[in-house]
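These are the structures, in structure tokens.
One chain, chain A, links the two complexes that follow: it is found with chain B in the first and with chain C in the second.
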Partner chain A sequence: MTNAGIPAKSRPATDAANAARSAAVLMVLPKRRRQWAQSALVSVAAAVLALILSAAMFPWAFTTYEPNAMDLMATLQPPSFEHLFGTDALGRDILCRSIYGAQISIFVAACAVFVAGAVGTALGILAAYFRGPTDAIIMRLADVQFSLPAVILAMFLVGAIGASILNLIIVLTLANWARFARVIRSEALSLRTRDFVLLAELAGASPLRVMVRHIAPNILSSLIVLATLDVGVIVILEATLSFLGLGIRPPDPSLGTLIADGRGYLATAWWISVLPGLVLMSLILACNTLGDYLRDRLSPTLAMKW
Partner chain B sequence: MSKYVLMRLLQSIVTILLVTAIVFVVIRVIGDPTHLMLPPEATAADRELLRRTMGLDEPLVIQYLRFLGDLAVGDFGLSYRFNQPAMSVVLERVGHTLVLTFTALGIAVLIGVPIGVMSAVYRDSWIDLTGKLFAIVGQSAPPFFFGVLMIAFFSVHLGWLPTGGTGGVQYLIMPAIALGWYSAAGTMRLTRASMSEVLEAEYIKMAKIKGLPQRVIIYKHALRNACLPVITFTALQLGVLLGGAVSVEAVFAWPGLGFLILKSIEDLDYTIVQAAVTLIALSFAAINLLVDLLYAWIDPRIRYD
Partner chain C sequence: MTLPFIDLQDVHKAYNVHRGVFRAGKLLHAVSGVSFRVPEGSTFGLVGESGSGKSTIARMVLGAEAATSGEVRVAGQSVATLDRKQRFQLRRMLQPVLQDPYSSLNPRIRVAAIVDEPLRVHRVTEHGQSLKDRVAQLLEQVGLSAETMRRYPNELSGGQRQRVAIARAISINPRCLVLDEPVSALDVSIQAQILNLLKDLQERLRLTYLLISHDLAVVSYMSDQIGVLYLGQFMEIASREDIIANARHPYTQALMAAVDSTIGEEVGRVGNAVQGEIPSPLSPPSGCPFHPRCPMAEERCRREKPALRAFGPSHQVACHFAESTR
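This part shows the complex of A and B:
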């Protein structure tokens, strides 16, 4: 395009804008390096997640200590080769406790995401398929979940039914299913009007068959992305509850309780809180990075709905 | 429009009724308040008497309706710990939480929006990469752990700021940053996404062709159109902040609503929990309603759905 159609007086300003733009161009990384940065980030995240997961699954391969074994001859030891993460006031090995803590956190989060994903998806599809009263009831229930911050809802429920691993999974599910239901419902609503669904109905397929065989498979990629992104949120929620004393109960370690345990020793033994906290952060960081990556690859339209 | 407003209002009322019903059921059915109000040596007859005077022997539906009636006048009963009406204890604490959440929200917007705008304008530059890194780390740091880290460094190591409590501004700095950081990351990502989309629009190209300075294009033409989703997000972020405030308040012994709920759950002071949870749900439903109505007012397409 030439400048022919533009009034002459605006040309200098256009040049100024061009200059600004080329200044911007200078700061843009070459495309190859950009992709390299992206894939490097994803690889690091995958490696970190693999390391944490394998430590959680095979703790004996990573530590020779017992999570609750006290050693009163070695209390409040700073990190050393013997105790990589140091020891707490009872001489328990912090690395070992972090590994077992991560194990519980990951187990609880995985169960909660799985159940919340399954329940939310089922309700979302039901609401979209039947519309009318079914839709209204399910969506009002979702509104109820959304009308309380997840932490407060979870605290309230744990306070009522008591803290245990099973209750924690139940509570985290109750505090988290509605997100799945809303997104899946809107996806299913648009699938509902597609020709292949209408044809399946014309051919006499039962509602159950339409929902399971025709709608469900088409929302799978959204569900995977939602679930991956949800893991980080649930891990934070579980850690918050445990930190507040409403999740995993001592002496069992969880990353949240470990951070809470060390709060009184920040001046003398910072490692008790800080190192398990860094494990927690790396876990969440890895989950979020992989979730973002999966979303970009599988379902870019989800970005705005989330 | 009036039909939409009416529908939306009705929805909110249903939601609030459901929330109160759930709060009522969870508290009255699962926990028997007489266990908390009587000394352990009380006899079954004492308990029965108390149950009758409290109306706990009546059908649940009647009890729920009475609960709703009390709720309408803000009467949640006495807190046995404070020996005051539960609602007045809750309202005393609301101020502290509001100061904390709004400061955090301010921090989130002041950090998130400029970085988001810069990231969108200089897409894929080192600014964008740094911004992305900032967002990823921000969304991965639980506010309570960020708070613990700050205490370890700024209070214990450097001795600059108090570890907790309330008083002057120095007490507010760390809790507000710990809380706001998490939302800043989200605000930044959304600003970036929404700005990037707007910057592709025809009228931005037009503004460039007209030869407007970049500053005017970015702030006057692009940001104004990109800020609608950001405003919604910020409004809804209040809820996230209110939730996050619980753990941050616990870390910094900040005497707000979250800290009060936590202590009340620990001490089984359920009148307080009930009052606080209901209040939060009500204000939430109100925020959601306002955001939706504002949206419908701005964007007519929504009303005709």
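This part shows the complex of A and C:
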């Protein structure tokens, strides 16, 4: 890991890379304006994420409606001051449902990223540390996961074990651990050759101690970056599965089921699908922008791998 | 007569390199037929250019790599035949200090945790002393303040880092340190401090040193016995005094001539600096490995490999013309 050792030296290059990557559009601006625009972009992303997260955590502060409360006197209302995002065919408030949907989506995604990150990191470190057959088995399993499209894998698993929030988290974990395992393995392989690992072994430290005390802490910043970037991927996957009816079951809202609900009304009541879709899009854009920023800041070596 | 703490008998180490799916690969002879003994409490210096096999010897002594043939004995036990428990006990007796103080300290843990790791792993503290007190004592022994234990490695200079590495190595009271280029990554002004610290610790803790360096000045300052390596073989093994005043191998003489004036005056001889570079160990020269660069090479050197011959009680030279080189 280079971030602890040489932050000051690597910063100018990283900033340039930052600006270049975050938005190619910004390249037309002169350098100083570009840097300003880039930090502005990151600030906006952080603000959007903070807004969505706080709405998801404290929905009662953002809406007075109940997510499943129907109002048959006010169906298919377009956006208004009373219903900022409009209402659906059953008169439910779309803003309220989007907030509760985001709550479920974020909860599921956070759990899945946490479990997939933990499993993938552990397997990646084991593979890199023991090499040989352990490495071969773990990485071939990862290849299997990569070769199966996540949605197909998820459909198969949900078909086999049924749909529930817990199963959804299991499915998302199974569809995502390998990307962590691969990147963490390559980081751990290079750490494995560092002198402090050899010294720990020559001091008599056990493999577990070497992995936990010497390899894992040096991988942490890469892991944070990977996890941030992965949140976006998992939110989309969760929405896709829910859209297909394989994830969150109606009437409980998730961003995916909300978009699915509006399919039949796209021509007459666009807001039912489009506004939750915009929430989903802003959530993912915010996560990815922050992830890119963290990657450039914390872990310049990762920039080459992703 | 003190027993040898480290004893190598005709040790070879070959690596199979360039092996591909459709290629059989080639043998790289990193070490070919090295024998030496390090008596308890003394310092044996290994000197040679990069690629001469000196670090490979260190790794074999530490048990990090196995010898291809020959025997490496440490404290009377053959390293190759140790079981897990014996190997663990060997590690208590033998600790390394490596070249690069930046790579050898984990950047994510504090100095206290770096120094006390061997103590925790081996569960040794003396006389009910707390780990923290022991770490403070060790840091003071290597010339650092006890307050250093709360720092992270990146807050320390190269010299301070190497002191931390030494404190860690001596924490479990080993009998021997393997010093692999302990000062070559440091500024010249710091090198002398670290070397003096090592000498001081050797005296106080009665340590045995296996010192490895490409710098003959460092080796001759520290060592009782010196072995000059070239392409994995000894060219000359002699006491420090004999190497300085009485070197017989043309390679040793050239190395002496290259050493700066501090001990150059003692040499009192005009030598020719070695020309060219060390050949690849993948295709070693026939006969004497040094002949392509040797100013005295003759036809015989190309055909016949010279054996180590004794010139005095502790002086061996591998050169056909060792009698006439002075």
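Throughout what follows, the second predicted complex is superposed on the first by the 278 of 306 C-alpha atoms of A that agree within 3 Å, B and C clash if a C-alpha of one lies under 4 Å from a C-alpha of the other, contacts with A are read in each partner's own complex, and residues count from 1 in each chain.
As a convention for this text, a residue touches a chain if its C-beta (ideal position, glycine included) is under 8 Å from a C-beta of that chain, and two chains touch if they have at least 3 such contacts.
Here the structure is a predicted model, which is why all the values come from computation and not from measurement.
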Problem - Partner chain(s) touched by A:L72 [first = chain B, second = chain C, both, neither] - result: neither
**Prompt:** Which holds for A:L244: it touches chain B only (first), chain C only (second), both, or neither?
**Reply:** first
**Study point:** Contacts of A:M281 with chain B and chain C, given as first, second, both or neither
**Key:** first
Which partner chains sit in contact with A:H214 here, chain B, chain C, both or neither? Use first/second/both/neither. second
Item to complete: Considering only touches as defined above, state whether A:R194 meets chain B (first), chain C (second), both or neither.
Response: second
Between chain B and chain C, more residues of chain A are touched by B
With both complexes overlaid on chain A, does A:L202 touch chain B (first), chain C (second), both or neither? second
Overlap of chain B and chain C contacts on chain A, residues none
Residue set of chain C touching chain A in the complex reads 62-64, 88, 91-92, 95-96, 98, 100, 102-109, 113, 117-118, 121-122, 152, 154, 165, 168, 172
Seen from chain B, its contact residues with chain A in the complex are 11, 14-16, 18-19, 22-23, 26-27, 30-31, 121-127, 129, 136-137, 139-142, 144-145, 148-149, 151-152, 156, 193, 208-214, 217, 229, 239-240, 242-244, 246-247, 250-251, 258, 261-262, 265-266, 273, 277, 280-281, 284-285, 288
In the complex, chain A touches chain C at residues 1, 4-5, 194-196, 198-206, 209, 213-214, 217-218, 220
Interface with chain B, chain A side, in the complex: residues 6, 10-14, 16-17, 20-21, 24, 27-29, 34, 37, 140-141, 143-144, 146-152, 155-161, 232, 236, 239-240, 243-246, 259, 262-263, 266-267, 270, 273-274, 277, 280-281, 284-285, 288-289, 292, 303-304
